[in-house]
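What follows is a group of structures, each given as structure tokens.
Shared between the two complexes below is chain A, which has chain B as its partner in the first and chain C in the second.
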Partner chain A sequence: MDFKVKAAPAEWDPSITTVSPQGSIDALTASYFEKELLALAAKGRRKILVDCAQVDFISSAGIGVLMVVFGEVEKDGFLKVMNLSDEVHESFDLLGVPEVMAIYKNEKEARKALA
Partner chain B sequence: MRLPLRTKFSSLVLVIILIMMSAIWILTINQQSEMEQAIGEQQRLTMQNELMKRAGNIFSFLAANSEALAIGDYLTVDAFVRDILTSKDISFVQIVKDGRVVVPIRVTGDETSALKLPMGVLPAGESVRFDLVEIDPGEPLLVASGPIIDKSINVRVADVYVGISRKPVQEAILSAYGQIKFFGRTARANITYATGVFAVLGVIASILLVTYVVRPIKVLAEGAKIIGRGNLDHQVLVRTNDEVGDLAQTFNRMTQNLKDDRAQLVEKEKLDQELKIATQIQQTLLPKLLPQVPGYQFGAIYTAAREVGGDYYDFLQFNANGHTRIGIVVADVSGKGVPGAFLMAVTRSILRANASRTNDPENVLKSTNAILQPDIKKGMFVSMFYGLLDIESGQLEFGSAGHLPTLVYKSSSNEIQSIRCKGMALGLGNMRIFDQLLETRRVVLDPGDVLFQFTDGVTDAVNAAGERFGTRRLIDAVRQHSGLQPQKFVDRILEQVITFTSGSPQFDDITMVAVKRSPRESGG
Partner chain C sequence: MTRPRRLRPARRGVARGKKAVRRTASSSFELRAGLVSLREIRRVIESQARSLGIGRARIYGTILAVEEACSNVIRHAYADGARPGGRQRRLKPLAVSVETSAGRVEILIRDVGRAFDFERYPASAIADLALKKRLRGGYGIHLIKSLVDRYEYIRSENGENHLRLVKYLD
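Now for the complex of A and B:
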């Protein structure tokens, strides 16, 4: 049940912040995750790429957090996600999120698209 | 009685100094009387020795003239005696022969007179003796008495009595006493003076010291008053590197903690208040009664998580042209607390308004999104199942705005269909994207069939081991309890979820709705 969030500038573009949550983003951990992301946005890190490689589960509350931050940074930045497992992708897909938010298979694809 | 620290400290110092002074006084007085005794004794002995020496000289002279005395020639001796008697301190000299005073020679009358010894003086013995007597009051005498012996013939030729005044001795001793007393008084006066000075200095020093020590304490006390009045931002400024400084630091930390605690309390009260409002909104909007329709049974359950999420369900009943339709809503609003409850209320109203206008669930969801999406706060969304059940035919047409699959239990085959419609949560995308994505499905409920719709609070429920209840367990539970009356059915599934989590807190709302077509109903 350990949930951690790491954030670091992307090696290939320091203006982009790669956020790597680790664990399950559910109703229990969502508010913490939201706080971390909003703190980043408040510090001016408004180009956010969420790396879900180590996310084993995301609930609608977790996606709710991503959507809130997505709305928050939309005007002068972006929030995009990558490295979704099938199960996690399924959760995004169910809500129709891929229709409004860019989801990249992996970092290579993200880098190509964001270059 | 309230005494300032300053008064207490200076009184204490004053008392200590006074005790010290008294002790020194007593010591000096003791010492003085000892000194008086010792000096007096010494003086007396010295003077007495002097007197005795004097008497001895007289005796020696008389002894040297013993031959003259033996032959009765008193003139030589008389001249000597008269000379001596001119000395003030010599009270008398009497040479006695055969009981009569022969020297000094009497000028008139009888040449000799009978001896009259002063009171307390014994007749002369075999050797020189000294007696201390007082003839008249205030006239102390040393009387030396003894024989005069003619050594050549070894004959006692006369007796001599010499009276020497002891007054000078006494006066000398008294004067010595006087001096000692004077010195003692002077010493005591000096001690008293010095003590007085020390007392004043001590009091001043203790006042200064206490003022110095008390000043930071006063600052602390003042700070405590300010903080006591409710100003928790106040910091006590005491920089002294001592116990008071430590106390001030502790005090500041305490204030900070108090401030944090109060902030937390305010925050918690705010949250509690929000929670209360949200719960009230939700409770007001949830249906009070289940639909009463012949041939169908309904069941619904909603349990709020600790922080109220935004689940809701609703039943709508439409009667038109003798046709009864039941609208079924199960939704999950993103966002918690008041914003979540508010969005739920708005969504519910828009949906109800739209549902009453059209019989097409697809249109109901589309128009609901069209109204909701432009106004909804960016990032918030609502996943929703909306189905319309035709009571006569048992046909259910439904769409899903990004909601979890719908489970349908078919009694004929004892199978469970998990039906997922494409779609997108309300509020996420504009009309164009939403409408393009949305699809609806139709399913017919035959007698004994059960429609079951839930929210993710059911499948996402997690136990202490981190396992989730999941779809597989849910499908098994639905199959297991499908024979039950729908309200019991949802109750039982909830029990099963709670047993699964076995005491782990519920973090998300749980909502379940079940509709069962009565098995015995024949007129499909």
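Now for the complex of A and C:
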């Protein structure tokens, strides 16, 4: 399974954790991705910015993980997403995800919105 | 358990002229219905499209629809097939046929799992509710129906589920 998740405080705001999955988030890898995100939330890292620049595929299982963690942190934190490819963004649009979750085009846009 | 029969391979055409160009490509394969097979299914569809000069951006939606359909088979039709640590040999078959041409891609997914009434569910309403309730699942069928141009589900007389998806490529 060539799927990795890196997490680090954002350089421009250390209270925000940038989570960078690498690879495909499908029904196989989604559970690992969910564990990593929920572990961060459990450690108090509840402002989460998911950087999808190195994600080539996200199935509904991956979107489901984002929604579960979004629900977990939304009372006292946030989960937002950036750097979706056009194709992945289209599937998010089809499900109406942007109506509940902020999706930024890139880090510059995220930084501007979260500053 | 009845082994799903193989589909007759599609004809492979070539253009007439000085330079032969492949116009259609087809493949049929059978995998064990485990989540580890999903990547291979995606790879085959993408590779076949690429051989016809169809880029990933144009085929992505179809790949996603097939992923969702196969994932549903593994997780629901074969409810025990996706159990972590489950023995591979106990997994049930999942047959996929892909036929791609410049203008369309057609995929047939077959399994011998539980029947599923593909038409019965108000997929967009379920997906909307799942989103509002921050649920993990409930998005797949809506994605399938949104991403392809035609879909047809049949429960065959010999107990197979047949899901045919057709996408016309722009």
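Convention: the second predicted complex is superposed on the first by the 114 of 115 C-alpha atoms of A that agree within 3 Å, B and C clash if a C-alpha of one lies under 4 Å from a C-alpha of the other, contacts with A are read in each partner's own complex, and residues count from 1 in each chain.
Keep in mind that, in the parts below, contacts are C-beta pairs under 8 Å (C-beta built on N, C-alpha and C of every residue); 3 or more make two chains touch, one makes a residue touch a chain.
Just so it is clear, the structure is predicted and the values come from calculations on it, not from any experiment.
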Joint occupancy of chain A by chain B and chain C, clash or fit: clash
Partner chain(s) touched by A:Glu87 [first = chain B, second = chain C, both, neither]: second
First (chain B), second (chain C), both or neither touched by A:Ala113: neither
Partner chain in contact with A:Ala42 - chain B first, chain C second, else both or neither: neither
Which of chain B and chain C A:Leu95 touches, first, second, both or neither: both
Chain B region in steric overlap with chain C, selected from 130-138, 256-264, 382-390 or 436-444: 382-390
Those residues of chain A which chain B touches in one complex and chain C touches in the other: 24, 26-28, 57, 59-61, 63-64, 67-68, 70-71, 74, 94-97, 99-100
Residues of chain A that touch chain C when the two form their complex: 24, 26-28, 57, 59-61, 63-65, 67-68, 70-71, 74, 86-87, 90-91, 94-97, 99-100
Residue ranges of chain A touching chain B (in the complex, touch as defined): 1, 24, 26-28, 57, 59-61, 63-64, 67-72, 74, 94-97, 99-100
Parts of chain B lying in touch with chain A, wherever the complex brings them together: 305, 309, 332, 334-335, 377-381, 383, 402-404, 420, 423-425, 428-429, 433-434, 437, 456-457, 460, 462, 466, 468, 507-508
In the complex, chain C residues that touch chain A: 35-36, 38-39, 42, 56-57, 60-61, 63-64, 67-68, 71, 74-75, 82, 127-128, 130-140, 142-143, 146-147
